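Presented below are the structures under discussion, each in the form of structure tokens.
Shared between the two complexes below is subunit A, which pairs with subunit B and subunit C, respectively.
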Partner chain A sequence: MSFVLGTSLLAVVTALACALPGAFVVLRKNSMLVEGVAHAVLPGIVVGYALTHDLNSPWLIIGAALAGLLVVLGNEWLIRTGLITGDAPQGLVFPALFAAGVIFITLDFSHVHLHTEVVLIGDLNLAAFHHLMVSGVSIGPRYLYVMLAVLAVNVAFIAVFYPKLKVTTFDNQFATVLGMRTGLLNTVFMFLVSVTIVTAFHAAGAILVISLIVVPAATAHLISHRLSVMLALTALFAILGAVGGFWIAYALNAATSASMAVFYGLVFIAVALIDRLATRVRRHRRSRVCQPAAGR
Partner chain B sequence: MVPIACQARNVSVAYRADPVLRSVNVTVPVGSVMGIIGPNGSGKSTLIKAMLGLVKPLTGTSEFFGQPLDQVRHRVGYMPQSASVDWDFPTTVIDLVTMGTYGELGWIRRPGKAERARAMAAMEQTGIPELAYRQIGELSGGQRQRAFLARTLVQAPDLFFLDEPFQGIDAKSQQAMIDVLRDLVAQEKTCVIVHHHLATVRDYCDHVTLLNGHVVASGPADQAFTKENIRIAYEAREGAEAFLETAA
Partner chain C sequence: MIDPIEFFGNHIFRMVFFGTSVTGLVAGALGSFAYLRKQSLISDVIGHSALPGALLAFLIAVAVLDANGRNMLGLIAGAVITGTLAALFANSIAVRTKIAIDTAMAISLTVFFGAGMILLRIISNGPFPGKGGIDDYLFGNASVITVADLATSIAVGAVALVLMLVFWKEFTLRTFDPVFSTVLGFRAGVVDTVMFATIVIAIVIGVKAVGVVLMIAFVVTPPAAARQWTSTLPGLVALSGAFGAIGSGVGAYLSVALGNVPTGPLIVLTLFAVFLVSLLVSPRRSIITAALRRARAREALRRELLAETADR
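What follows is the complex of A and B.
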């Protein structure tokens, strides 16, 4: 497989793996909590890397995802104690964990060679560097298959628990009275999001991964009246942004994840404007249809 | 003696350091419509939430048909305040109402034709079948309440907890709600209604619990919902004074 094809496929699969659970993150209004998770996985990644020397090791992924879950659980615990209110608990937990990760890196902890730039925005090209070879023929970047596995797990989870995810996202109290294990479902879901973040870290880093998770879903939310439609549109925007972003980066020789994030933002603005315009045209037409009737 | 639908025993709740409910005892007989009445912040919704396990009480227990909630969940329905959810959520009215059947589906099963037919029947009961395929954000305040009530009806519970069902509602929706309530009473179902409009309490409720952080009075409306008790519960607030004058 050629480098360009392999890397653009990797961009698409990474974008899809992040965006699909992102639809529920957006609807649950958890975007900033997930941003916190994306920062908090750093110490887990650094320690994991020091132990395994492989960013794609399953041990590293699960360990670092558990570190990310600390933000979710720590946040919930702090809210329950009532010591601080609003979203301040998030601000308390994740910077400490992120800072620990940065200190580990700057101390050159067990010779981890992670560049600050890679930590922040990832490097898709570097991530796609090692190709998987089958009898001497490249079948694409090794990392592509890791992301494909995460995408498959996310799709399976959403497909199996779709009704539960829907009702707990829309009305958690009602779901609790129905007898659903809402806390357990939320923890498992956030763990999967955390796993996705850790895996996508290599490609998108701690800062830009949030745009892969949030923006396609937020764009789809603008124009969707049904959850199934929103999920389909989220996938469409994720693919569009990944391909568009990849080729912009390729043409400009810029960072791929950053180009994807910018492209996502542009798509969001375009969809929002078109939606506004369409609403206005509809209203205008309706008032023109109504006017003669009113004049009679 | 009339059997008991639900009972709160010595329920106390605090949000952080602020006590909201102190040692609340309420008994709701089967077939009654119990109004939970009190001024803003008197803990009306909190009492329902504590009984249903949505808020952890500091002390006390609640029983439903003589058993803990977990044993009889299928017999208990809950309609939260409509302001508690995001009405921009991408879903249609029929999908929202169908959520009432999710409790019976187990972990994996999905709602099918039978569940959707039941949802449609419940929407007919509350008078909104023509809105089935609208996005929920397009509904008026009264239509939202009727959609929420339909979602509770579809569960076919024996005991209904309705949190402010008449809040922000138009005359037509109000009539639809009242008709449904009358039907429920005729079928010997039990309703617990959080309500704050004093003038209509006697129209809807045959039992009343007057609340103000603690129970001022609880029992049949003509014994509990007296001028003296209302005055104590509202600590002579303006709205209550006006009501008491017109009632006098």
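What follows is the complex of A and C.
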């Protein structure tokens, strides 16, 4: 497989793996919490690398995902104490964890050579560098298969728990009344999001991974009224944004994740404007239809 | 370990200490209002979105004006503009579409930060004088602060603090009873704009010293810690500012003393330690006093019930 094809495929698969759980993140109003999770996995990745010396090791992925989960649990604990107001609990835990991760890196604690830019926005080309060889023929980047596995896990989770996710997302109290263990489901879901963030970290870094998770789902949310439609549109926007962002980055010689974030943003704005315009036209047409009726 | 006399005798260390302390003081004091209005996370958006502004200011200064690209005033101006645009963008998404504010903030933050990272790549690939170490804007580098930078930070920070003192009554009323404030005839839009402007200034003067990524900790952590010790607004603002300044100073001192540890992240950890201590041991509101109070109430209830059964 050629390098460009392998890397663009990797961009698409990473975008899909992040965007599908993102639909629920957006609907549950957890976007900024997940932004915290994405920062907090850094110390987990550095410590995990010191122990495993393999950025794709499953132990590293699970360990770092648990570090990310600290933000979710810490947020819930701080809210329960009743001593912190507003949205501050979400902003208290993750900067400390992220700062610890940055200090670990500069102390060369684990000899993991992560440049600051890679930490923040990842490096898709570097992530796609090692190709998997089958009898001397490249079958694409090794990392592509890791991301494919995460995508498969996410799709399987959403498929199996679809009814439960749906009811807890739209009416959490009703779900509790039905006897569902909403807290447990939420923790498992956030753990899965955290795992996705850790694996996508090499491609998109601590900050821009949020773009991959949130923006396609938000764009789909603008124009859909059913969860199933929204999921399908989320996948569509994710693929569209990944391909578009990849080629812009290729043309500008810029970082792929940064171009993807900007391109996703532009698609969001375009869809929001078109949706507004369409609503206005529809309203205008309806009022024109109604007027003669009123005149009669 | 380095002793304090040697520490303050060194010009660079002095600049690191005062540069970060000023940031901590202003961000801590003004962060109190963001905290009380339950809008702490917008500081994360403003912080990240300051990056493209700071870099555009560099580009304009170097390529158009042929001036020093790291000029503090230009940096602050650029960062204020893009930081404000990002916050307005997030707000307008939340108001005009059905997207909730948290997702709107995440969208705005990533778009502006992504644009900033593209600019960063353009600058580091291009032939611009003084581009070395431009990525210091990400995590800050307090050791490159000059006397002029420090003077600018103090002046701009002082303007923000004076604005806060002048509009103290309006800020207080708008924070605690927005409806009453409007009934009394204070323009909500004007008060909000001034308050928001002071918070933006507080965030962006820290860009050079502590970077855009971790700025949120300077705005959120000190008020959350100070709130555990005091119940009045003047007390909160003063204590939060003090926590910010002292935490930054101690963090800066530790980073020099330990050697080769970045200043910004170490200050964030120091502030977090202050917060944890406040949460655990403050005399009136803390986890330990709450637990003691609950245990005492439980004991009293038990005794009461036992006495009742004994009476019967």
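The rule is simple: the second predicted complex is superposed on the first by the 296 of 296 C-alpha atoms of A that agree within 3 Å, B and C clash if a C-alpha of one lies under 4 Å from a C-alpha of the other, contacts with A are read in each partner's own complex, and residues count from 1 in each chain.
Note that a contact is a pair of C-beta atoms (placed from the backbone, for glycine too) under 8 Å apart; a residue touches a chain by one contact, two chains touch by 3 or more.
Everything numeric in this text was worked out from a predicted model, so none of it was measured.
> So in the superposed three-chain picture, is A:98 touching just subunit B, just subunit C, both, or none of them (first/second/both/neither)?
Second partner only.
> Once the structures are superposed on A, label A:232 by its partner contacts, choosing first (subunit B), second (subunit C), both or neither.
In the superposition, A:232 touches no partner, neither subunit B nor subunit C.
> In the superposed arrangement, does A:221 touch subunit B (first), subunit C (second), both or neither?
A:221 sits against subunit B and subunit C alike.
> For A:243, decide between first (touching subunit B), second (touching subunit C), both and neither.
Neither subunit B nor subunit C is touched by A:243.
> One more residue to check, A:149. First (subunit B), second (subunit C), both or neither?
In the superposition, A:149 contacts neither subunit B nor subunit C.
> Thinking of the overlay built on chain A, is A:175 touched by subunit B (first), by subunit C (second), by both, or by neither?
The first partner, subunit B, only.
> Please tell me which partner, subunit B or subunit C, touches more residues of subunit A.
C
> Could you look at A:167 and tell me whether it touches subunit B, subunit C, both or neither (first, second, both, neither)?
first
> Just subunit B (first), just subunit C (second), both, or neither: which does A:254 touch?
second
> Counting contacts the way the document defines them, which residues of subunit A are shared by the two interfaces, the one with subunit B and the one with subunit C?
29, 221
> Would you pull the subunit C residues touching subunit A in the complex into a rising list?
Touch residues, subunit C against subunit A: 35-41, 43-44, 48, 93, 96-100, 102-103, 105-107, 109-111, 113-115, 117-118, 120-122, 125, 135, 138-139, 213-214, 216-217, 220-221, 223-224, 227-228, 260-262, 264-266, 268-269, 272, 275, 279, 285-287, 290.
> Would you mind writing out the residues of subunit A in touch with subunit C in their complex?
By the definition above, subunit A touches subunit C via 26, 29-35, 81, 83-88, 90-92, 95-96, 98-100, 102-103, 106-107, 116-117, 120-121, 207-208, 210-211, 214-215, 218, 221-222, 252-255, 257-262, 264-265, 268, 272, 275-276.
> Which subunit B residues qualify as touching subunit A in the complex?
15-17, 49, 52-54, 70, 73, 76-78, 80, 84-86, 88-92, 95-96, 99, 102-103, 105, 107-108, 110-111, 135, 151, 155
> For a test of understanding, state which residues of subunit A touch subunit B in their complex under the given definition.
27, 29, 82, 160-164, 166-167, 169-171, 173-180, 221, 224-227, 229-230
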